[in-house]
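Every chain is named by a letter (A, B, C and D) in the order it is written, and numbering of its residues begins at 1.
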Amino acid sequence: MITRDDILAWLKCYRQALGENKDYLTRLDSAIGDADHGANMDRGFAAVLEKLPSVAEKDVGTILKTTGMTLVSTVGGAGGPLYGTFFMRAGMALDGKTEFTPQEFLAALEAGLAGVQQRGKATTGEKTMVDALTPGCKAMREALERGKSLAEALDAAAAAAEQGMRDTIPMLATKGRASYLGERSIGHQDPGATSSALMLRCAANTLGRVQDPA
Amino acid sequence: MITRDDILAWLKCYRQALGENKDYLTRLDSAIGDADHGANMDRGFAAVLEKLPSVAEKDVGTILKTTGMTLVSTVGGAGGPLYGTFFMRAGMALDGKTEFTPQEFLAALEAGLAGVQQRGKATTGEKTMVDALTPGCKAMREALERGKSLAEALDAAAAAAEQGMRDTIPMLATKGRASYLGERSIGHQDPGATSSALMLRCAANTLGRVQDPA
Amino acid sequence: MKKLINNPADVVKEELMGVALAHPDLVRVHFDPNYIVRVDAPIQGKVGVISGGGSGHEPMHGGFVGVGMLDAACPGAVFTSPTPDQMYEATKAVNGGAGVLHIVKNYTGDVLNFEMAAEMAMAEGIEVASVVIDDDVAVQDSLYTAGRRGVGTTVLAEKICGAAAEQGRSLQEVADLCRKVNGWGRSMGMALTSCTVPHAGKPTFDLPEDQMEIGIGIHGEPGRTRMPLKTADEITEMLALPIINDLPFKSGDTVIAMVNGMGGTPLIELYIVYRKLAEICKGHGITIARSLVGNYITSLEMAGCSITLLKADDDILKLWDAPVKTAGLRWGL
Amino acid sequence: MKKLINNPADVVKEELMGVALAHPDLVRVHFDPNYIVRVDAPIQGKVGVISGGGSGHEPMHGGFVGVGMLDAACPGAVFTSPTPDQMYEATKAVNGGAGVLHIVKNYTGDVLNFEMAAEMAMAEGIEVASVVIDDDVAVQDSLYTAGRRGVGTTVLAEKICGAAAEQGRSLQEVADLCRKVNGWGRSMGMALTSCTVPHAGKPTFDLPEDQMEIGIGIHGEPGRTRMPLKTADEITEMLALPIINDLPFKSGDTVIAMVNGMGGTPLIELYIVYRKLAEICKGHGITIARSLVGNYITSLEMAGCSITLLKADDDILKLWDAPVKTAGLRWGL
């Protein structure tokens, strides 16, 4: 079972990864956007970490919904509503729970992704975070269906998301700010796909490690 | 005797020298002023050269006064009224003449210098064109008094003006725009002193050559 | 990075404090969430008009809050769309019972955040209409993309809709007018230099001394194409012709023309551009009835300009001429 | 050099053409000699107020021609004082029989050229009064030097004296008022970057990425000292304290405060400076009764700012509030 503490560890890991990759994400956003994705995500997750203590004793649904709402009210840009929606929907899927199965966690991620797609109306191949989250969720589902451990499944998810992130490089952006560049968006890695891949890598590094099945 | 044609040649020579030294003068003015002295003088003498045909048959006084008035109405800045006054006063000193002696020419230059000092209220040592014109006139007077030829006298004038120009380098400016720099004006050659030295060098190269006493 | 700032993280907060201190007669500034609101808001029975977007485009939008223009503006972080709670609180603060118009520039972030705010406000029973401005002809439009950006027409729409609201028109009328203005306005911009986002600390893109970017937006993003620097007249043509051809503006049309500086270009150059624009319009039989030349929708210290033409009928011209009293645009009051 | 121009030699001419096309309701532009004049000049019985100086400081002076401010402005080449015939012709064009005030910034070139123009006009029987503005505290004053430069106070003097002339005050009264404003106004400026004179084609000075110039004028000339870049708050103090100590401004004084951008600095930064200036004034017991934040007296695309404080009595404040209708400053009309 995945516990509340694992989720808290995941969020802390992601906050740290965003801090470390702030300039990298901003650099990616300079090439095809407006040079703020790193600062935006960093500001948002700094706020999330400040907020966590007040809900740390609550259920995981509340923790993730609070994370989402905090992102919505601190990030702004496209990233704020999209990541905010992601965590709010994931939280709704885990409402009332303090521990849950890998399958339930996968369902929460998939609910988050569905929320992102509903809000942002992007599908795969448009050079957005959807291009990291979609293969990430898919790889995790396949791994769990094939009976892999949570650690293996999350690792597969992170690896697939990272591949999806790299696959955005040759894409022509048709959603988000990068779409204004037209052909010139080709050849650059999408910042949002990159922050999404980081998020799944953190999941693998935290949930994956702790929850190794005995 | 110096003739009207010599004066016309002098003005043409000066116009050409200003064209060639436009960037140099502007560079000097960048260091301690506002980067326009070259463009200003060039614009002014281009206008003078356009105007000259209409007075080329008139007396030298008219030619020089026209030069001065044209400078006043086309140069602007400090240079416009100062060089304008210089040529207007010099013209007044040669009113009605079509040829004249070296002494008369010297008197015209001295009248011009007096006009500059009256308008600009600068004396020597203040890092202005006065620091080139004053030693220039003085050297010419001494040479003529010692019985030197016009060519020698003008050469002495040009050399003294050039020395005066270089002597502005260590000066602290107390007049004109360079004065705002205070101590920072030290170490730079004054652009106006430089354009004045060029003017006397052109006199040496034209009046001096043509009027070599037989 | 050479900026008159203290700390990148405090830029927007300290700027808003400056705005509050400089314009106490015009606006109040609310912090956490941040919004600038007309000093006399809410005005009972008047439609509230609000806008918002990332900071760094000053005077837009905060400089357009006041009588006859916006009731409130929501500034996000630099170049980052504001968050829904800002628009939600601003909507409540300006609601005088006649509903609130949200003027939204077409960027994914702005659209999403305003959408959430409108949902929140409507859940509280406030009538909200949203109009998305998408006037940038540099961007190819398509059903399957994010569509065109909202740029210069936003300024004109805020003035015109603000005047209409001041006259007492209904939310439906003001929103319809805003859609009409958006439909009749077209813009395009170019950059001579990049700008530097305070957080990023270095220019968003590098532009060699002999190159320029054509078809830029207002967030320091690169444009559609990079090409060798051209003369002001050539550049003006490169911006004006796509605009004229897009609507298309036709002989006999009357327009409001704006030559807008991106922040780092001096006024003297904008007038040189205006001169050529006026010549081009004349050549096309287009009458410029009103004009704006200056910095109205900027990208920090970017050098460059944008051109906006708005087809104008009598109603639009009268609303344009109506009194306005804001820090950034003022006449008649 | 990256500029929206066609040819360095045509910059001023084409700009003036743009001004004429953009503001036919406010001004007429006369070419050869160049001057911008109020559309309704001369106004019989009203004192004419004119100013002038090199171009490159827009909106000053041409942007301040109109009702309640200047009757005419004479733009020279970029950073080059205009020639006497410009001021002479402008003086004739605005003379409504009550005499003409020349507001002259204290630069050798401006003073000499205005002097010649005044002589010419007076020779034709036009009464002319000249007031020289010399408010720059960065420059040490002395009987034996060219004295202090005229900078920001010029803008305030043009507004206030323009209003006084509009009220029908006599030449003597308007000139005395102008001297009072000059005596009560102090300014100081700084640069983050140089600017590039179109003719010169490259920056007037080089300023490393970590350095700034303090005590600059408005012609791209270097300042009094170069030093490492500091924060906005520190810079604001470095400008404000010499100003406050110079007059000196005292506790209980009421002032008009201007935070002026040099051309390339975005508004967002100017408000950050204003915030600190307001704090400093408050700390000294000085009340800011009116303020201006924006680009009013610029140095082409230079990044940086200047601060001006003008001690104000009731008369000055009333004249400040009087209606003004120009391209660069407008209210009440």
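Basically, a residue touches a chain if its C-beta (ideal position, glycine included) is under 8 Å from a C-beta of that chain, and two chains touch if they have at least 3 such contacts.
Bear in mind the structure is a predicted one, so any value in this text is a computation, not a measurement.
Looking at chain C and chain D, no chain is in contact with each of them. Centre-to-centre spacing of chain B and chain C amounts to 55 Å, using the average Cα coordinate of each chain.
Computed centre separation for the pair chain A/chain B is 75 angstrom, with centres defined by C-alpha atoms.
Distance between chain B and chain D, defined via averaged C-alpha coordinates, is recorded as 32 Å. Shared interface positions of chain A, i.e. residues touching 2 or more other chains, are not present. Chain contacts: chain C has residues 78 touching two or more partner chains.
Taken pairwise by the contact criterion, the protein chains link up end to end in a single open path, with no chain closing the loop. Interface note: chains touch in the pairs A-C, B-D, C-D. Across the complex, chain B meets chain D through its residues 26, 30-36, 38-40, 43, 72-82, 119-120, 174-177, 179-182, 184.
Those residues of chain D that touch chain B in the shared complex are 33, 54, 76-85, 107-109, 112-113, 115-116, 136, 138-140, 142, 144-146, 149, 197, 199-200, 204-205, 217, 219-222, 224-225. Touching chain C in their complex are the following residues of chain D: 2-7, 11-12, 14-19, 21-22, 55-56, 58-59, 63, 78, 192-193, 209, 212, 229, 231-233, 235, 263-275, 278, 288, 291, 293, 295, 298, 300-301, 303-305, 325, 327, 330-333.
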